[in-house]
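Listed next: structures, encoded as structure tokens.
Each of the next two complexes has chain A plus one more chain, namely chain B in the first and chain C in the second.
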Partner chain A sequence: MLDNLQLLFVYAPVMNIQMILDGIFVGAVFALSAYGLALVWGVMNVKNLAQGDFVIMGGYVAFSLYKLGIHPVIAIPIVAVCMFMFGWIVYIMIIRRVIDNDMFVSLLATFGLSLLLQQVMNLIYGPEVQTIDSHFPIFTMFDDFVTIPVVKIVSLALAMIFALAVVIFMKKSRMGQAIRATAQDARAARVLGINTDNVYAFTYSLNASICGVAGVLVSMIWVLQPFYGIVYSLRTFAIVTAAGLGNLPAVIGMSFALGWVEQYAGIIAGAEWQVASAVFMLLGVLMWRQIQLRRQRQVVR
Partner chain B sequence: MYNKLSIALGTALAVGVAGVAGGAMAKVEGDTIILGSAISLSGKYSTNGLHTQRGYDFAVDRINEKGGVKVGGKSYKLAIKYYDDESTPARATQLAERLIQQDGVEFMLGPYGTGLTKAVAPVTEKFGVPMVEAEGASRSLFTQGYKYMFAVLSTSEYYLAPVLDVVAQRAKSEGKDPAKMRIGMAFENDGFSLDVRAGVLDVAKKYNMKIVIDDKLPADLSDMSATLTKFKALKPDILLVSGHSKGAATAARQIEEMKIQAPVVAITHCEAAKVHEKFPKSANGMMCPTQWLSNLPKKDAYFGTASQWNEDFKKLHPSYSAVPYQTAQASAAVLVFKDAFERANSFDQKQVRDALAATNMETFYGDIKFAPEGNNIAKPMFYRQIGADGSYKPIVSPADMTFPRKANY
Partner chain C sequence: MTKNQILLYLAIAISGVVGPILFPNYIQQMAVLWIMVLMASTWDITGGQMGYNSLGNITFFGVGMYISAVIQVSMFYDIALYTASYGAIKPVFTDEQYFSGLAMGILAGGVGCVVLARLLGAVVFGLRGPYFAIGTLGVAIAAGQIAGTIDTIGGGAGISMPFFPWDIHYPVDLLLHHLFCACDSCHISPSAGCFQLSLVWLQMQSVMMKIKLKPWVFQL
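Coming up: the complex of A and B.
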């Protein structure tokens, strides 16, 4: 461990540039699916355990299109639309029935959905690892030491554009306002004539669509496998829990923080700590929050 | 009332006994020997489960065509009763018990993979059912003292370790000191890959090679860039990765992305991950272990040479462009059973077990002779190096190897 720190800060400080860049690229993909989860959680109070499976599913849709000769970047809008429709179907068939029940029903329902999606993807695509080649070049700096694949820059840009579009949509559009109103007080929104059922369906579909876009980026940068969804579910839950619901800047900040923590944990403590570090980060944030809140906590005696 | 109950119980018992007796007959029904197997036909191992099943079936059909198994002067046909274990160990255990207790199967063929074989072996052992397995390579399977399990394949510690032997000899022949070579390696944190690692540690010690990176990859990690960044900083001579086909795909993708220029790169399961098709740049010069070669100069009376087996199998299943070794070793497992039945000249489980233990035969898959622990010690692991055109070239002697590998990113 000491050797690794020495390596990082004494012998090869250039490594840090690679780590920070990789952390940003990783974080951008997480930020998308984490924002989707924060939306669904905040507006509908549904904890969507199938979040990661939506990501992988989006990747597989892009993979199918790739087989038909469509470049993944061009496939993004198609995937977004497909996943939006899929989200709507899932809402009508499953989520609508559990939304008014307590938390555990929605957890169980989405967990079941997650298993179902995994197995269906396994039946269709097989358990083999699939990848998409985006044919983008790779930049190098510092005598080939730092490599920046253009695909990652493109992913970062696409993630930013998509996130921005969603934010503007939420602020400006009629539906966005309705979603925010429903999140604040569903009953009041209903009284004022907002069709909350429609808003819920739209929110859930929007989340599926955001996840699908994240999935396309995953398929270009990493690998697809029907059972990989859990990795993304775990990280998005860590991010959203740590950042809090309805706090977009915090969700994005946390996503990048998670990207960096994972990269550095992988170098310093070894790759076996890379995923574990996400959970440690969540623990750390929760403990810190607890201490912070305790200071302000007041009890009426 | 009491009487009625006891009659009912008695009847149930009698039916039960009859059922068991009937079941016990099931192993050889008329002129058919029934082998049992729980195999992964759905779930995450379903592709390889299917490869295995096709290998079993191919051998059964061929043996039946050529006169079947001759025991006690009578000719028997082979048949296999399959259940789908859904790629889960708990299900495999249940199904092994069902095959043995309800279906009365007395001889078993193995499931796919180390994890599932580990789940089935205690059951076959408990009931004294001889099992020949073809797909569980982990060393840890053969340290449990199992007496009824035999494996036709080479064990996991030979997957990457011999690469170091080849490299060391090659380095020596070029006047370089193998002790100056440094190793960076990453292994998935599971039984199989850690066995591969244990084998590597032994050989590295023998040549005094220094291990500068020794990472364990979590099972669901799809990003090993941290390990590779460290690799770039330390610049070891040898990169070793083992993590099944998803590990191979991740490694190949990121080696290319990060332009790793190690003189030697060896990865397990590169064929299964199709790295030569998907990542031709980083696959160039990669060393891949394999259990079997389709041009192996070995033969038997049923399939002929390795290449004849390969051709015949492709004729039956034209969807295969290259037949995986998983299929070949499955066929070999059935041959081993047939041979043991004939030598035992009986269907007594104990005698068949002893005949299996005394196996010493040549098959298209290679020589088969079992150690007392049940693993095959007669067949080595083979290595192939991927060429610039994506072809796989067998490495028979150290001079065949392209060293250092020249990746052209």
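Coming up: the complex of A and C.
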């Protein structure tokens, strides 16, 4: 551990640039799925624990298309549409029945959905780690200390473009307005003639679609495995609880922060601690929130 | 308890005893069934009676399992050497060694989980509602990841447990096999597991919660 710290800060401080860049590249993926979760949580009050499995599923759809000879960058719109339809089906079959219930029911239902998706993906694709080779060149800088695969830059750009498209959609389009209205006051929206059931279905499907796109980026820059989804769920929860709902700049900032924390934990304590560090960050954030809330909590003495 | 309930429980108990004798090919499945009954009742205690919806009960399942496995092996062998061989070399356990190790292991697993629960409880009971559920789920996953990094207990490959020393041809042995099935033939690894006394932990924890909650309740 001390050796790694020495390496990082004394012998080759230029490696920090690599860490920071990698943190930004993976953070962009986290930001997409976290934005989807914030959307669903804010609009429908459904805590979607299947978030990470949607990400992995989108990646596997792209993987199947890649096997058919379609480049992942071209596959992004196809995956978005596929995941949109899948999200709609999931909404009709599961989420609609739990949406009015106790909030814990939605958590349990989506947890069950997540386990189901994991097993189905395991049956179809097997437990091996998969990745997509997108044939982009790799740059090196600073005497080969910093390597920047072009695919990561491309994925960052794609994430930015997609996020921008979603934000513009939410601001400008009729459906986006309806979603925002429903988030503010579902009952009033219903009174004013918005079909909230449709809005909920659309929101959930949009979330699935955003996750799917994030999954394509994961499959390009990282690896896919059927059981990695739950870790993405925890990461998105950590980001959203830290950033708050409907606060896009904070979501992006927290995503990059989480990316950096994971990168540094990975290099300092060992690769296995990457996931654990994300979980500890989640716990830390939750504790911090609770301490904040405790200040405001009032007890009759 | 009404008469019907007593009869029902009696029927369940008898089916538990007679089942493995009648259907010897399904012993493993029946053992898993009873473990799941136990796990479900832990959920009943935390989620139902305590009111804390925990998705992380499995943490104590895994920790208890590891503690008992390590105790059982390290009473007679060097645990680091044992796990380093990845189950290729099977040290011979005599009956006495196996059962004393198992008893100590189960006991230590229960006690260890209680201690861990006290420490973890200080952290996670600050959380409420869905945050508690997600926080405990996170703890469970982190525990799995961390267990995978410790080489002494086998790292990602896990620990292969010693074999059950008796033959399993006779009904009595069959019953014992049924009881010990979980500890015996399962290959323990960080992601998949068998049970230890997580129930004990949860009961203790709920008792502690009542003690902890008392001043609070009186304030209301």
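Points to keep in mind about this one:
The working rule: the second predicted complex is superposed on the first by the 277 of 301 C-alpha atoms of A that agree within 3 Å, B and C clash if a C-alpha of one lies under 4 Å from a C-alpha of the other, contacts with A are read in each partner's own complex, and residues count from 1 in each chain.
One rule holds in what follows: contacts are C-beta pairs under 8 Å (C-beta built on N, C-alpha and C of every residue); 3 or more make two chains touch, one makes a residue touch a chain.
This one's a predicted model, so the numbers in the text were calculated from it and none came from an experiment.
In the superposition on chain A, A:Gly270 makes contact with both chain B and chain C.
By the document's definition of touching, of the two partners only chain C reaches A:Leu282; chain B does not. Of the two partner chains placed by superposition, A:Ala250 touches none, neither chain B nor chain C. By the touch criterion defined above, A:Ile78 lies against neither chain B nor chain C after alignment on the C-alpha atoms of chain A.
By the touch criterion stated above, A:Ile230 is placed in contact with chain B and with chain C alike.
When the shared chain is aligned, chain B comes close enough to touch A:Ile138, but chain C does not.
After overlaying the two complexes on the shared chain, residue contacts for A:Met160 are found with neither chain B nor chain C. Ranking chain B and chain C by residues of chain A touched puts B first.
By the touch criterion defined above, A:Pro149 reaches chain B but does not reach chain C. In the superposition on chain A, the residues of chain A touched by chain B in one structure and by chain C in the other are 227, 230-231, 270, 272, 275-276. Residues of chain B touching chain A in their complex: 42-47, 87, 186, 189, 214-218, 220-227, 229-230, 232-234, 245-246, 249-250, 253, 257-259, 261, 272-273, 278, 409. Chain A meets chain C in the complex at residues 47, 49, 103-104, 107-108, 111, 227, 230-231, 234, 237, 241, 270, 272-273, 275-276, 279-280, 282-283, 286-287, 289-291, 299-301. Across the interface of their complex, chain B is touched by residues 4, 7, 11-12, 15, 18-19, 22, 26, 119, 122-123, 126-129, 131, 133, 138, 140, 144-145, 147, 149, 222-223, 225-228, 230-231, 262-263, 265-267, 270-272, 274-276 of chain A. Residues 53, 55, 123-124, 126-131, 133-135, 137-139, 141-142, 145-146, 148-149, 191, 219-220 of chain C touch chain A in their complex.
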